[in-house]
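Going by the order they are written in, the chains are A, B, C, D and E; count residues from 1 in each one.
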Amino acid sequence: MKGIKQLVGTAHTQTVPVVLPPNSQKLKDALLKEIRRSAYVYRVDCGGCNACEIEIFAATTPIFDTERFGIKIVASPRHADILLYTGSVTRAMRAPALRAYEAAPDPKIVISYGACGCDGGIFHDLYCVWGGTDKIVPVDVYIPGCPPTPAATIYGFAVALGLLDQKLKSKQHQPEAQKAQLKHTNIPLDIKV
Amino acid sequence: MTNNTSEQFHSQPQAGRIGKNYVDGVNHFFPSAIIDEEWQTENQVTITVKMTSLVEVMKWLYYDQGGWLTVSFGNDERSLNGHFAVYHVLSMEGEVKSFVTVKILVDAQSQEFISITPTIPAAVWGEREVRDMYGLRPVGLPDERRLVLPDDWPEDLHPLRKDAMDYRQRPQPTTETETYQFDNQLGNDSNRIVPVGPLHITSDEPGHFRLFVDGEDIVDADYRMFYVHRGMEKLAETRMGYHEVAQLTDRVCGICGFTHSVGYSNTIENALSVDVPFRAKMIRTVLLEVERLHSHLLNIGLSSHFVGFDTGFMQFFRVREKTMELAELLTGARKTYGMNLIGGVRRDFLKEQRVKGIAMVREVRQKFSELVEVLLATPNINSRTQGIGILSKQVARDYSPVGPLIRASGFKRDVRIVHGQSLEAYGSVPIELQSMEDGDVYSRVMVRVREVFESLNVIEYGLDHLPAGAILTESFDYKPNKFALGFTEAPRGENIHWSMTGDNQKLFRWRCRAATYANWPTLRYMLRGNTVADAPLIIGSLDPCYSCTDRVTIVDTKKQRSKTVPYKAIEQYSIDRKHSPFKL
Amino acid sequence: MFKLIKTVFNTGSVTTKYPFAPMSVSEDFRGKPELDAAQCLSCGACTRACPANALIMETDEKAGTRRWELSTARCIFCGRCEEVCPTHAIKLTQNFELAVTNKADLYEHAVFSLADCSQCQRPFVAQKLLEYVLDTLAQSGVPAAQLSERRKQLQTCPACRRANNMLDSDNISHLRFIKEQQ
Amino acid sequence: MSPLEMPTASWIVLAVVQALLMLFLAPLATGFSRVIRAKMHSRQGPGVLQDYRDIAKLLRRQSVAPANAGMIFWMTPWVLVVTMLLIGMALPTVTQVSPFPISGDLITDIYLLAIFRFFFALAGIDSNSMFAGIGSSRELTLGILVEPILILAIVVVALVVGTTDLGYISHALANNSWHRPLTIILAGIVCAFALFIEMGKLPFDSAEAEQELQEGPVTEYSGSALAMVKLGLGLKQLVVVQLFLAIFIPWGKASSLTAGALISATIILLVKLFIVFLIAGLIENSMARVRFTKIHRTIFPAFLVAVLALIFLILGW
Amino acid sequence: MNPLVLVCFCVISYAVAAVLSFAGRHHEQASLRLAGVISAFGGLFGIIAGVSTVVMGTHGHSIAHLGQFFSMDMLSALMVVVISVVTMAASVYSINYLEEYFGKGGWKVNILFNIFAAAMTALVVSANVMIFIVFMEIISVASWLIVISDGSAQSKKAGFQYFIIDHIASVLILCAFLIVVSNADSYQFSVIMANPVTGATASIVFLFALAGFGIKAAGIGLHGWLPKAYPIAPSYCSTLISCVMVKIGIYGILKFAILFLGATQLWWGFVVLVFGALSSVLGVMYALAEHDIKRLLAYHTIENIGIILIGVGVSMIGIASHQPLLALLGLLGGLYHLLNHAVFKGLLCLGSGSIVFRMHSKEMDDMGGLAKTMPKTAIAFLIGTLAICALPPLNGFVSEWFIYQSLFSMGKTGTVANLIFGPFGMVMLAFTGALACMCFVKVYGICFTGAPKTQQAANTREVGPAMVTATTALAILCIVLGVCSPWIAPYFSAIAASVLQLAPVTVAHGLSVYPAVADQAILSTPVIMIALALLTLVPTALLYLFRQRRLERRHQGDPWACGYQYEQRMTVSAASITRPMRQMFGFIYNNRPSQSLTERFILPVFYKGTDTAVLSGSKVCLFCIFSVLFVLLFIPFISGVSC
């Protein structure tokens, strides 16, 4: 079966994402320069709770208006430059999601949207879910949030198109640097419950 | 059996036992049918009935006593009483308003139970789901197709059985492509197929509609849902504690999340008879109405988008942003409020939030009324919405749909008013039921418009008269194997939850039926006879929430009315052959 | 039609200036959870309360470390961790601009060294947690002498303590009461 | 009027320049209607040059199509742009007389529009997708409903003037022969209505109805082919509007090939286009789409009005 | 060299081909192919004869004549060209096509084909009423035998119905001739033309002729036989039937209305115009509802006959109202369309014949994707569809443009009747054009493009070389007739002038053609062709400018079906394309007579509801033939004219 790796015989399996051809990264960077002011987005809903879809609709409404950056939601993956994957890929939606991926012209940018898209969200380890977009297709940009606010969506697109650089960096905390401070030390003991 | 079974059966009301007359009625008309009777709350009773008399009892309660079948589900109680169990929950809306749950025990070896679908078609989805999830075979169920589980799920694995599998196990997919066979009851195979597929731009969620068309006219429609089935019920039983499930239920559906979480909290609170402080109830009521606000605005906007009136879509969404800001002000997040815990809410409305909230509500009311006038004055809106996708009264009575869909067809069904007393603070809030008669897309949109004004009044009243007192009570302890119903009125109709507490600080069984679950089967009848261009509009007017209904199927009515339909089908077929309008 | 044009005309353009001007969110908006490493005791209450397993605690016996990890990807921003944290180490900020290009940036780690049991020399609790408990005891008025004895008891792992109880060893606390009664 | 004969070299150069100018103006026209749509939604909306950026980007994208898409599918973008360029060459937009009269005849233009519709619909069927098929059948049905009205309206005006060459008609209407004002006004209204449908503006854009049919025949196009089809559709809108302007609002056009006259005529033309696209944008955004099966109910009265114009012509008003 | 001699060569070679195919019936491979080649040469002779008379054509009525039975004037020269072009193409086509009929009586069909062609050629050049009627009778018998050649009960019934209708037409024509002959007191056409019938009898004669030849030409209402007979006959013979035999009907109407009766009454012109307009619109409407490709093409013949009749009608109005310019323009448009229709309808018939040759089924919904398996036939068929939809720069457009201009100049004359009927004609023509556009998008879309709908369609392959050369030759002819219109149109104005006995009017100048009045309109198909070719550089340049970093085309996989698995039934079918149209114009389709006149009255008499005739069809037909011959002998006595 294409794209499925068997872990424990046929009892337990795991999906293998689509492999990109080697020079695709160079093509994607070139594409980014071209679609900076005119990006066509196609929304692929892989089985989320549709809060993310409504927030994407909200992002195109007058208050947040993504069209002013040239971002337009199109009706068919044939016209799409950016594929916006939402939802933690349910088993039934894996085949349509892969069909959408093939239907879009190369090179294409894949954005995974919302907690479910990034890493499966609250349903990440369920039996009927493959758990996140990057389990089936190679992802370029992650927009976390459950659901991400329209402002976060616009920020996500700006990062995807390279207009803004990302603020969040992975952090390695140093917990042992200081002792943990006790709380409310100035309250006399006897009235403390 | 005596023939006058249809008029209301009266017996002496007992204090604290609303609905006792139904139990007595069953005893009277069907002696020795009831094995065991158990009361969960003042108006919720569960009667365990013999398998043989199930169909008559249900028929009596459903058709004769004005009951509406809300949900049917299974439960693996082999560890409790050595049997599987199938529950049918009826919301009795005759003179006495209460909930009656009819339970039957299914033998663990034979794993078969009598299906009530031939008499009450609305039960078919519940029973098909019981077959999928528990492997119990409903005898007499017309539709053998798989419902909940995806096409590539192995045949013999039934996830919700306690001993079946670990909730994280992902079996090997059995097929590459979809194998769901669609049946085209009215047309023949000369009809072309229009795939309004899982990824259609107008449907904001995945669901595959197969319209059998001739040219532009829809001959018949069939649909395959369950693209969004994630298996939440198994998750609630395994990994999550009581409070985490409250967060999970917030994410059942992206639009009516809070209604589900209130519904779930009510089930545990009813089961353990926790008395939630009145302030928490009022906060929950206010937030329920805020959610209805933004959901109705969303649907009215989408309806004008489907009709091609994009300006209307954008203007309504502009006003809707104000309601999202209101939600963010009150709860800290635009959509997933995450306020509910068992026993109350975890965040309070401060004075400054309440003042700003009331100002926002007034602004939304003014802008919304302005836009509604514009929408109704738009040319050819009426021609696009009136007389389209009509839901007849007979079909409505058979499949017991809920929410604006049934209120637009003239039935007075709204949990906030019918069962208002036992639902949050609706008893003490000024609200009345909106309904219209002719059941087409236009009247559904109008019902939603009027309900928006109702919600605005309730929110303003709620924020003004917020009672003092605590917002959370934790003075109760969890007793195992207690179960109860929780019900709320979501924007699309009544959400029914049922849960049974387990013995390891986790739920034993949690069942959630969302509003659109009941509305889906009627879609087939609303689509027939319309054109392809109207399909998205009709599907949109049903205001579908696919993920609510990640367990949705089609209702196969052919078998239900076996004696009439074939005649109709033959008559239709004969029309086709001789001088069919399609033939030319 | 003219009514529409009139309403559109006097609403004008309502689009926000967001990416070019900061976006104002309500003050208790639930954004990204931020860990104040100093206060964190690696007690694991937040990992237990998180519905989406975004917070994970792994103890590595051999290396004697306990690793705390926050995955902003999986986080559903519900704020349960903030409510259950005993030392308010983790709080939800108002930061919603979280888009990243590679997935590693979504993860935060903190590594705590474990204290060894005084008897069996095997690590059983985080060092910081032990000191915090002792500070609390000290702050709640336990006399210094008893404190040193309690420290010894606290520094033995539960397994050794259970073993001690069974063998009627000297540090069983109930002996203390008997002494007082005489 | 002097007999028509082969145009001289300078006129042909003007014709070609005029056609190329129209091709480069097409994205501006569609961009402008997108801005009007945005303003009607009371949002900031994209810049006017957004369509240029879109088409430039699409031209560099790979074109993907189903396996069974054949020669017609590949050839249609070319045919769409070329036929509209040819009409563009012949339209008397900036000059009194048509710069390229040999393809400027009224009937030739209507049948060039018919080529556009023939290949656009055929490409929809060739792509084998159901939505494209339904879009094609709608495009053809609209063609059948609109063409008789269009030809009757323009023939009435031609009969008033006495020739079917667009250049001479606009020259005559610009200078003198308004001796049948009522006929011409009525024909103008009907022609505006017919061309509004031909432009595919919202109430009647059933063929590319995004909500219902996923962009109709354009569904399966992508990348550079999609750019060409979008250019073709934009150019068609521009050409159809100028066909209307040339006949019914012909004033302010250069009578000779001098640079000054041409520049002033071009400015006047741009102002006229601005007004027409503004009005079309307002109408388009304040109406819902007409139900396709009921479309002939709205179009049939227009035909009756055209017949009325003919009667006025016969009565000589 | 007298053109009539060439025509004799042509007729003789047909006869030789017929005899050869009869003689060589035992070893059919060689004989039938040789017969095909010989009849092709016959066609060539015919073309040379016709073209030379037209080019050399001096003034005056009959240029050359052979004895007193045959004479050749410009109109008959054109008809000879039309017949010979289609016969030549059909006979080249038959070289490969007859392979299917080897051993199944192919030689019988070929004999009938050659007799049919010879009879038509002879009829057109005949100058004597008796000869005319004899050849007309031979034509109807030969075509009847062709229709029933495959021997099935259904073809026998259709053939029988065709024969009955044809003979009703012959009787009507006989009456018309009877009156005219008795008035002119001679059988010679020249004498008849000298003293035309006047007054009320002229109208009666005109009506008889119009009805008789209308049936032969399959105008609307009288078209019952064409959609039944045409699909059954073998393709290359049915091409002759639908493209050329109907032209004999037109020839008859022209001869009577203009030559014999001088088109004196004004209302005749309007009758022909309205009859033409109705048959063009209704013809294409009924074609839209068809799923069978052959029946569809049959209905399209009716549509094009209608367009020709519109031209003829305009010219008759011109003659009657003494406007020579209008008359010339109308006739020029009509005759030009007559030739064009023969060419592109011949191409479409032979093209559909190739499809049926490979697919063995006429149902359009079984076809699909044939452009990939039969590329050369597909390209030729596409050029045919573009021509029939009258899209510029091809020949269909030029002749329709002339008819538009004639209608326009009719409107310009200013009289109230003209002002009503001129625009009415143009609206009906535009309506027909748009409907034809939809119909042929349906035909080409369903048959050639998209994916094969059945396994049968998947494993079709290109047809034989002869069939391909025939269709491609006709396609090239379509292009040539369209693009070189400035050099061909003057000849047609010369033909029109000679028919109407008026001074020819110049319609072409340099590279462009114009409708006699210089400032009315101008059209130059060669320049349009060149412009279209050159303008393709603009998009190519645009693509070249933006070519860097563009990956090349990726054409594979299924069409996008909203994410669901694509199935074969997710495409558009023939019925579903035209369904919105048929709904909107329901009132035309609902009250359409399901059975033509003959089916309702005559057939029950012989068939009594069963398929096998009560008295066998052939006996009845023999009876009819003898009755007609008997009447022939009687005419001299009835009309009292010496032979």
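Definition applied: a residue touches a chain if its C-beta (ideal position, glycine included) is under 8 Å from a C-beta of that chain, and two chains touch if they have at least 3 such contacts.
The structure presented is a predicted model; accordingly, all values stated were derived computationally and were not measured.
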Completion exercise
Label-sorted list of chains bordering both chain A and chain B is C, D, E
Exercise for the section: Among all other chains, pick the one whose mean CA position is farthest from the mean CA position of chain E. Expected result: C
Handout entry: Per Cα centroids, the chain farthest from chain D
Key = C
Completion exercise
Winner on contact count, chain pair D-E
Handout entry: Per-chain CA centroid nearest to the all-protein CA mean
Key = D
Exercise for the section: Give, as an integer number of Å, the spacing between the C-alpha centres of chain D and chain C. Expected result: 67
Completion exercise
Cα centroid separation, chain B vs chain E, in Å, comes to 66
Problem - Centroid spacing, where centroids are CA-atom means, of chain A and chain D in whole angstrom - result: 43
Fill in the blank from the handout: chain A to chain C, mean C-alpha position gap in Å, rounds to 27
Problem - Junction residues of chain C - those touching two or more other chains - result: 1, 4, 8, 11, 13-15, 25, 51, 53, 76-77
Fill in the blank from the handout: Multi-chain touching residues of chain E, meaning two or more other chains, are 549, 551, 554, 557, 560-565, 570-572, 576, 578-580, 583
Practice task
Send over the residues of chain B in touch with two or more other chains.
Solution key: 177-178, 192-195, 197-201, 206, 215-216, 239, 247-248, 251, 311, 314-315, 318, 336, 378-379
Fill in the blank from the handout: Listing every touching pair of chains gives A-B, A-C, A-D, A-E, B-C, B-D, B-E, C-D, D-E
Completion exercise
Touching chain A in the complex, chain D uses residues 34, 38, 41-46, 50, 53-54, 56-57, 60-65, 210, 214-215, 219-223, 226
Fill in the blank from the handout: Listed in rising order, the residues of chain C that touch chain D in the complex are 1, 4-5, 8, 11-15
Exercise for the section: Going by the contact rule at the top, pick out the chain E residues touching chain A in the complex. Expected result: 549, 551, 554, 557, 560, 563-565
Handout entry: chain E-facing residues of chain B, complex
Key = 177-178, 189-190, 192-200, 206, 208, 213-217, 582, 584
Exercise for the section: Using the touch definition up top, name the residues of chain B that touch chain C in the complex. Expected result: 239-240, 243-244, 247-248, 250-251, 311, 315, 318, 325, 328-329, 332-333, 336, 338, 346-347, 370-371, 373-374, 377-379
